[in-house]
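In structure tokens below, several structures.
One chain, subunit A, appears in both complexes that follow, with subunit B as partner in the first and subunit C in the second.
Up next, the complex of A and B:
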């Protein structure tokens, strides 16, 4: 009798295991195949429409043209780096020769001023967006907590936030540019003026979503936790550090992800408008350049911008998953 | 035994847009050291308000609360509260939740090793030492409430305040928790004020049952002394004459003297007169 049952059990167990494995695989396959199918359809549609649009700069770039440009842009980058290396080697040699002739000679070291490549521009934009975002976070999170904790402060500051929140940071750009030019005067500046201008623009637009979400997180904090803190008679700074900050972490992350998304979009526009180095400038330069390659290079930039924006958001999400106790709010 | 807590002629008035609302009127209660008091009454009668006034999460409009003959003016760990919804901090483990309390209360009085021992002692007391590194969302409702009780006990409170501590639990878990609480009370002999809806819970656990009248202007209706010997056993008591007398005394107070009439808003009742009529009928039958 027992033998029969165990046989049955044995027979059933692998079946259900198989089923589980199958459903696991089919889930994975779906998660992989469906997006691939989506991308494939998009590519097909894109190349079909692209070939039927004629512009004054030639045909609208299709996937193939973009792929070619990706290779081109990387090649150009490497070529530029080689040029720079050659320049430095030449400079060193020249200096050595002159030092040998005249030991009192002070060798001159000049920095290579070649054209920024596409990859340089990507890096510039990334550094700018992250710096501006961090500056905004350093201001916005304490401010949001203060506003969330104090009704008085909230009532006082709320109108200002509401008025400045809908202003496109691009409207600020001329003012920021003029103020930075006037105030940021130093014979040996640590950062370029254009970097400071872009950074402030990014900060201005990242600020509001973070302030609003942080203060919302603090206000909507579970009243029980506040009562626990009261019963324990926690001092103010411990209350903020141990209760308020962790409690509002999920809302803070929501604000940060919104901010970073906006910041990245705004930065590209600001770079185009103000001719500050970065991906925006690359796009604008190519547009002004108007060669037969321009459109496909711009298209490459567009896709790169999208990809980087996506990766920035994913990074924030990953960070949230690691740091936030509330795993359900870090779902997507 | 000496009076440890004196709730002295407390009135509570809440200002509302429609004018003042008197929640409590002349609540007066003296509690002896080591006494276990249950506050029972219909929902909305202001039991929680009384507890919050003792905890100083609310301030009484008139009257006040004396702890060891000193008026209490702000919340403090000597009046630890066990909240209805456990109120554990979800980002901390069970151990860390208690640690936060212990670190604050015994900051300069215990060495780190003593603190660790004290936290673990309290976890053992509620039989939760096996789950000390679990976060609240990884354990069941009853387990969370155990940790909540351990956290409150770890503050070595002079008065332990419990706001319907088992209200959110299923009946079996609740019975289990009541037994645990009796066992702990047997060891520690704390002074406890517990709010409850549950007549059996009140009779089983308390030394005195304080029954409150319905609001507005709720106050203490009757006080019932429970002179059943400790330790109490729920199965043995089920047949006990005195137990059943006390039980029916509480039931009589709640369902005859202070019967709660469901008030149906007038705007709604004019719209659905028929439905409201049916509702009223069923509630009176129940």
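Up next, the complex of A and C:
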């Protein structure tokens, strides 16, 4: 917007209508054609290299093998759902028989005990990453604002942040696992231990970029706005609510997008390492299976992971566009 | 084969030991009095490692044997044996497919100390030793040939000895993989190597040395079973001892050659067990008996009619959530054959035994054999009297639970009495066992005397 106004002010002649439409179309076409061409070239290169790589598990999977596996995985999912239906019917009958024998018995419906399908694993990973990310946001944003506002606090906490920031959360994983199994004991836990472990790992790695970016956003706030707040002698909470938060939203979101990207990558690795349910476990299980289909299934998972990571990032961007006053900051 | 054996046993029972039959029937009536109640805990989670000998668990689930007992079981594959054991100890898992050495080692406090018991032995045999193509090429020249040009079996480690010596002369360490310090595979690999006069190294836990490489000519290290082929392919190890399908996988991938099966090292050796904590068995006695019942039925199904159900079992095992390897790879060993060098397929009908020869009964003498090997290689650093061996075995192996489950299966007419006919009056010790690759006889009642028979290994009174 500002750019357009300044161009007008500088006296640059506006384009003719025709030209504008042409350039609009060509822009659209470019936005559509170029990525298509990119993907096409990638596919071509992929299938060419794939067919020339021989592993001990057979040929490297090309696009066709992956497409077959997508169909397979969906079929397996449906088959498993059918098995689940039969399971519930059987369970119902068993409960009825027992009730007839023992009227005081309280029938209980237990959830299906069969395997998790690929789609279940995707869902598990998504829920884990989002919960871990939200926990991190709840801790990191207030902390970042506090650090940004108070120089004393910043000086005190900064060394700790700098030391923990470069630590891979995977290094924390064994400690987290042991601590969770020691402390999280309840006869009827609401969440599985593996879920808590993955969640904490995700939180740990999402924390630092968010804290640092938030505090940076607060520190580099426009000094004029701070002065306005001072002149109006706004109380502290109003100052944060009306001035600090809106001013630092772009920086907060930059931190959040970074965090979510890292969290998604780390979660997959953590799942592989700790065998907690999710896409990472799917990949690791397939690697261990070493069947002739394993590689193509792993490749399918790799593409799925990428696609989901991309969608997560776009979602955050969309959220930023809605929440931020400065739309130009919400660019790719 | 099976029926003749059974008939013989029946005859024995009827004619010779009539007295025992009477005591057996006394047992029957005393147990019949208490009808088996509903399980105290119905939702269970069992762990396993991707190996074909986890089959009884998969079959008990897929064939609905667990559900018949009112048990709702979730089955989850584990990353490695340590994770699996920790899972059972900390309660994340209710029970698991375990190496026979694991409950024993946990009970005597080698590694994590915990009281783990086993009411059910999962199978006999099922392992093999595989070497890489490179080592095989060098080994093969030392092996005598049959008339048809194929190597004479069993292949002894004598053929490997010159190769190991050559590597040592060149200053190169000779590395091999096994799956866990207290695994059957570790002891079998050590047994085979030592029988060929190759020293696999001692442990000295009292000095803090648990790497097992003291005086070693071959360095053994731990690798999880499913990663064995990949680790050998990467050149980190020259060979390994592991369960199926990871030996056949090496043949299919063309990266190695299985040289000897554990059936040839020790005919009908006990392999995996089903492990639960002692606390679990005490807190949930009905659940314990019921899960044992389901596993016995599954094991029986696997061996029924001369392995007639094996193809179906292989199909189940090849699902990605169980073993997950290709059907052909698993079928190779599960259906009575074993492929050594590519194309050299030989018949080994008893390579995987799940029910025949009382495979599921937890014999004290089996537990004692593992203890003798732990002592032989220094994992047990001090001399122990024979009575100690028996006491530990009785603490870990629980034939009482097994017999209660078997009896209730007979009472409910699910299985017939003849299925357990040779177990009437069983005292938990197998008759002295021959058929070891080095022809040393094992008698479970005299562990110390047995240890003294080995050329390589700690003997009574010795301490590192």
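In the analysis below, the second predicted complex is superposed on the first by the 299 of 332 C-alpha atoms of A that agree within 3 Å, B and C clash if a C-alpha of one lies under 4 Å from a C-alpha of the other, contacts with A are read in each partner's own complex, and residues count from 1 in each chain.
As a working rule, a contact is a pair of C-beta atoms (placed from the backbone, for glycine too) under 8 Å apart; a residue touches a chain by one contact, two chains touch by 3 or more.
It should be emphasised that the depicted structure is a prediction, and the values quoted were computed from it without experimental measurement.
Asks: Touching A:104, do we find subunit B (first), subunit C (second), both, or neither?
Replies: In the superposed model, A:104 contacts neither subunit B nor subunit C.
Asks: Now for A:246: first (subunit B), second (subunit C), both, or neither, which partner does it touch?
Replies: A:246: touches subunit B, not subunit C.
Asks: With both complexes overlaid on chain A, does A:57 touch subunit B (first), subunit C (second), both or neither?
Replies: It touches subunit C, and subunit B stays clear.
Asks: For the overlaid complexes, name the partner, subunit B or subunit C, with more touching residues on subunit A.
Replies: Touching more of subunit A: C.
Asks: With the two structures laid over each other on chain A, which partner does A:152 touch: subunit B (first), subunit C (second), both, or neither?
Replies: neither
Asks: Of the partners subunit B and subunit C, which touch A:113 in the superposed model: first, second, both, neither?
Replies: second
Asks: Could you list which residues of subunit A make contact with subunit B in one structure and with subunit C in the other?
Replies: Comparing the two interfaces on subunit A, one with subunit B and one with subunit C, no residues are shared.
Asks: Provide the residue numbers of subunit B that touch subunit A in the complex, in ascending order.
Replies: On the subunit B side, the touching residues are 55, 57, 74-77, 79-81, 83, 85, 87, 89-91, 100-101, 104-105, 135, 155.
Asks: In the complex of these two chains, what residues of subunit A are touching subunit B?
Replies: Going by the criterion above, the answer is residues 222, 224-225, 227-228, 230-234, 238, 242-243, 246-247, 249, 325-326.
Asks: Subunit A touches which residues of subunit C in the complex?
Replies: Checking each residue of subunit C against subunit A gives 38, 42-43, 50, 61, 64, 67, 70, 72-75, 77-79, 83, 90, 92, 224, 226-227, 229-230, 233, 249, 253-255, 318-321, 323-326, 329.
Asks: Enumerate the contact residues on subunit A facing subunit C in the complex.
Replies: Within the complex, subunit A contacts subunit C at residues 56-57, 90-91, 94, 98, 102, 108, 110, 113, 115, 181, 193, 274-275, 284-286, 288-292, 294, 297.
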